[in-house]
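Take a look at the structure set out below.
The chains carry the letters A, B, C, D, E, F, G, H, I, J, K and L, assigned in the order they are written, with residues numbered from 1 in each.
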Amino acid sequence: MTVARVTEISATSPDSFDDAVKQGIARASKTLRGMKSAWVKDQNVEIEDGKVSHYRVNLAITFILED
Amino acid sequence: MTVARVTEISATSPDSFDDAVKQGIARASKTLRGMKSAWVKDQNVEIEDGKVSHYRVNLAITFILED
Amino acid sequence: MTVARVTEISATSPDSFDDAVKQGIARASKTLRGMKSAWVKDQNVEIEDGKVSHYRVNLAITFILED
Amino acid sequence: MTVARVTEISATSPDSFDDAVKQGIARASKTLRGMKSAWVKDQNVEIEDGKVSHYRVNLAITFILED
Amino acid sequence: MTVARVTEISATSPDSFDDAVKQGIARASKTLRGMKSAWVKDQNVEIEDGKVSHYRVNLAITFILED
Amino acid sequence: MTVARVTEISATSPDSFDDAVKQGIARASKTLRGMKSAWVKDQNVEIEDGKVSHYRVNLAITFILED
Amino acid sequence: MTVARVTEISATSPDSFDDAVKQGIARASKTLRGMKSAWVKDQNVEIEDGKVSHYRVNLAITFILED
Amino acid sequence: MTVARVTEISATSPDSFDDAVKQGIARASKTLRGMKSAWVKDQNVEIEDGKVSHYRVNLAITFILED
Amino acid sequence: MTVARVTEISATSPDSFDDAVKQGIARASKTLRGMKSAWVKDQNVEIEDGKVSHYRVNLAITFILED
Amino acid sequence: MTVARVTEISATSPDSFDDAVKQGIARASKTLRGMKSAWVKDQNVEIEDGKVSHYRVNLAITFILED
Amino acid sequence: MTVARVTEISATSPDSFDDAVKQGIARASKTLRGMKSAWVKDQNVEIEDGKVSHYRVNLAITFILED
Amino acid sequence: MTVARVTEISATSPDSFDDAVKQGIARASKTLRGMKSAWVKDQNVEIEDGKVSHYRVNLAITFILED
């Protein structure tokens, strides 16, 4: 039997969507053990002065619960 | 870089949907710091004796994670 | 064992979405016994002369079937 | 034959979701003629100091195109 | 006023989907008080050597927050 | 030409999701003639004392209308 | 105040989707008063000997409830 | 690089869904240049005296923006 | 026991959506045996010179697998 | 690098949804190598004489492509 | 009170999805003032000779309406 | 008349989502002729030791059927 939890985070990067994913996982790894996968629920950008200023992803992260 | 978490709550009020939202945020503010926004995922009512007894909202609350 | 039916209604009010919900449940209670809850499927407004004239909700109402 | 256009707006109010709908329709009526109805696509709130500061609705507004 | 939280878990069983639900709730009850209901968001199976090896469910669990 | 109606019910069983489906169809057969199929729209469980107390299914039942 | 009900039917025609809609509404008009509109939820076809034998539509029909 | 806009219209015809699509595109061509495609988002009918009086389609039209 | 496969095709016709469905099924019948039904997943049109040039449907076709 | 294909099947069993999943995977294993997982897209039942005669599942099966 | 409009564009780039987003925003900034954010609704690619020739994104852009 | 098929694949890359798309199309081109476009249905990542190890995309690929 394996039981995992799913938690949702939102992360931004000034550089790219891929980097936003990496930043989000890196930040989450400070408090979550046993992360296995993450699903990209949503992608959006913030715009300033007619240009993309930040890339944002919403991630549903799955991590294993230890007994 | 900003990383936020998204958590879901369900709140009820005998008075209105708007009040259910307010009650839910007020209760959540006891334990969550840095709440920024909440999305109304679902609205429903409980019915007793042919009348609305409670208004319920499901909220996805976003709050900033401090480093 | 409990078996319930789910039926959908649409109700309007000139005043508010909350009132449209109340009006719909009140009208439904004339013919349905044992209503337990209702889910707000949809919210829209009718507009006349550039102003909201009616608030409308679509409700999926659950009511218990008696044996 | 009737042809209508559908346009999407986002409107906020410090008071309630119903008021946000009214404010949005009022602002849209400055530039759009022939509005008939609006569908509530999304509802969310902004939070400041642990309290709801603004109610926001996204509306898909239908208005008749004149020939 | 009642405020509840909704949390998502993923649980597996070698035997059946029903058993995966039971295992997930049993594991969650170690850390969560006041669980009221759970919604089956997703069902999938793992396959090994052309046969189902595990049944997995994703559950959104609602539990009451005590004041 | 065939015309059918679709009606939605919700049924529970203390034993399993399959049994909830069977109970719901059995109860519906008391009042509906000509049932052909049913679609599982939703599955959820009620929890008491940290254990599953009831399995619930929402079913959309299709039955043929006789002329 | 206006309260309407929404009911779902499924209708087929050997000729076309448009005809299936017409047949379904015609059959429904035998028992329902005050029909206002119908939404096409789903369209599918039955196939026999490599050819379309029937066109089927699922319709959600709205009809006004008289007081 | 190609950039296109997507706009939504709603069009009706007394005759058929296909004709409603044609009517909508014809009306839109009066003001839009460079239309490439349209997606049928929604189909519904208006009913009068128990018969279909109008077929309506909602179309998301894509048209190329010239530099 | 019956096991069927579901495969998706996209078909166009210069004449109508119904004809696009017929053309798609006719083409599919060259390689698929045992087709039973098809679900219309999507409908769109191509536009040339401000007029509909092609009607397109996406179909999910179900066909029985022989043992 | 891993590349997998996803294919959809539909399978029935007179006994249970779990058995329908098992039957579908067993049949698919005759022609597919490298199956890893399957997602339950849809569950429905056929009804005869007021009773469930068959349980049906639609499965999206993922299998690894060998180079 | 803030009222914003939401408009949808589609943009392509031969290089990457991130670049398609940037190109689309850059083109939109020629005619739209006050852009705040954009949501990625859809991502697809065009293929030529078995290779990706263009990356395309559909964006829902929100921009503030000035009074 | 044009008839196309739509098939779904899943592809991974250690580097980026864009690369996963490219890898998937490259692998598919070994067996599929006439690929025209691909839609990104889903994006997720695998995580090892608190870091992204693989980027995965699910693609629905459309390719023309030759007569």
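Note that a contact is a pair of C-beta atoms (placed from the backbone, for glycine too) under 8 Å apart; a residue touches a chain by one contact, two chains touch by 3 or more.
By chain, UniProt protein names: A, B, C, D, E, F, G, H, I, J, K, L = Dodecin domain-containing protein.
Since this is a predicted model, take the numbers as computed values, not measurements.
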Shared chain contacts [chain E and chain J, defined touch]: F
Starting at chain G, fewest touch steps before arriving at chain H: 1
Angle (degrees, nearest 5) of the CA superposition of chain C onto chain J: 120
Averaged-CA centre spacing for the pair chain I and chain B, given as whole angstrom: 44
CA centroid of chain A to CA centroid of chain J, Å: 32
Centre-of-Cα separation between chain J and chain I, whole angstrom: 23
Residue numbers of chain J (touch at least two other chains): 7, 17-18
Pairs of chains in contact (touch as defined earlier), listed by label: A-B, A-E, A-K, A-L, B-C, B-D, B-E, C-D, C-F, C-G, D-H, D-K, E-F, E-J, F-G, F-J, G-H, G-I, H-I, H-K, I-J, I-L, J-L, K-L
Residue ranges of chain K in contact with chain D within the complex: 1-7, 60, 62, 65, 67
Contact set on chain F toward chain E in their complex: 16-18, 42-47, 50-52, 55
Complex contacts: residues of chain F adjacent to chain C: 7-13, 23-24, 27-28, 58
Sites on chain F touched by chain J in the complex: 17-18, 21-22, 25-26, 29, 35-40, 61
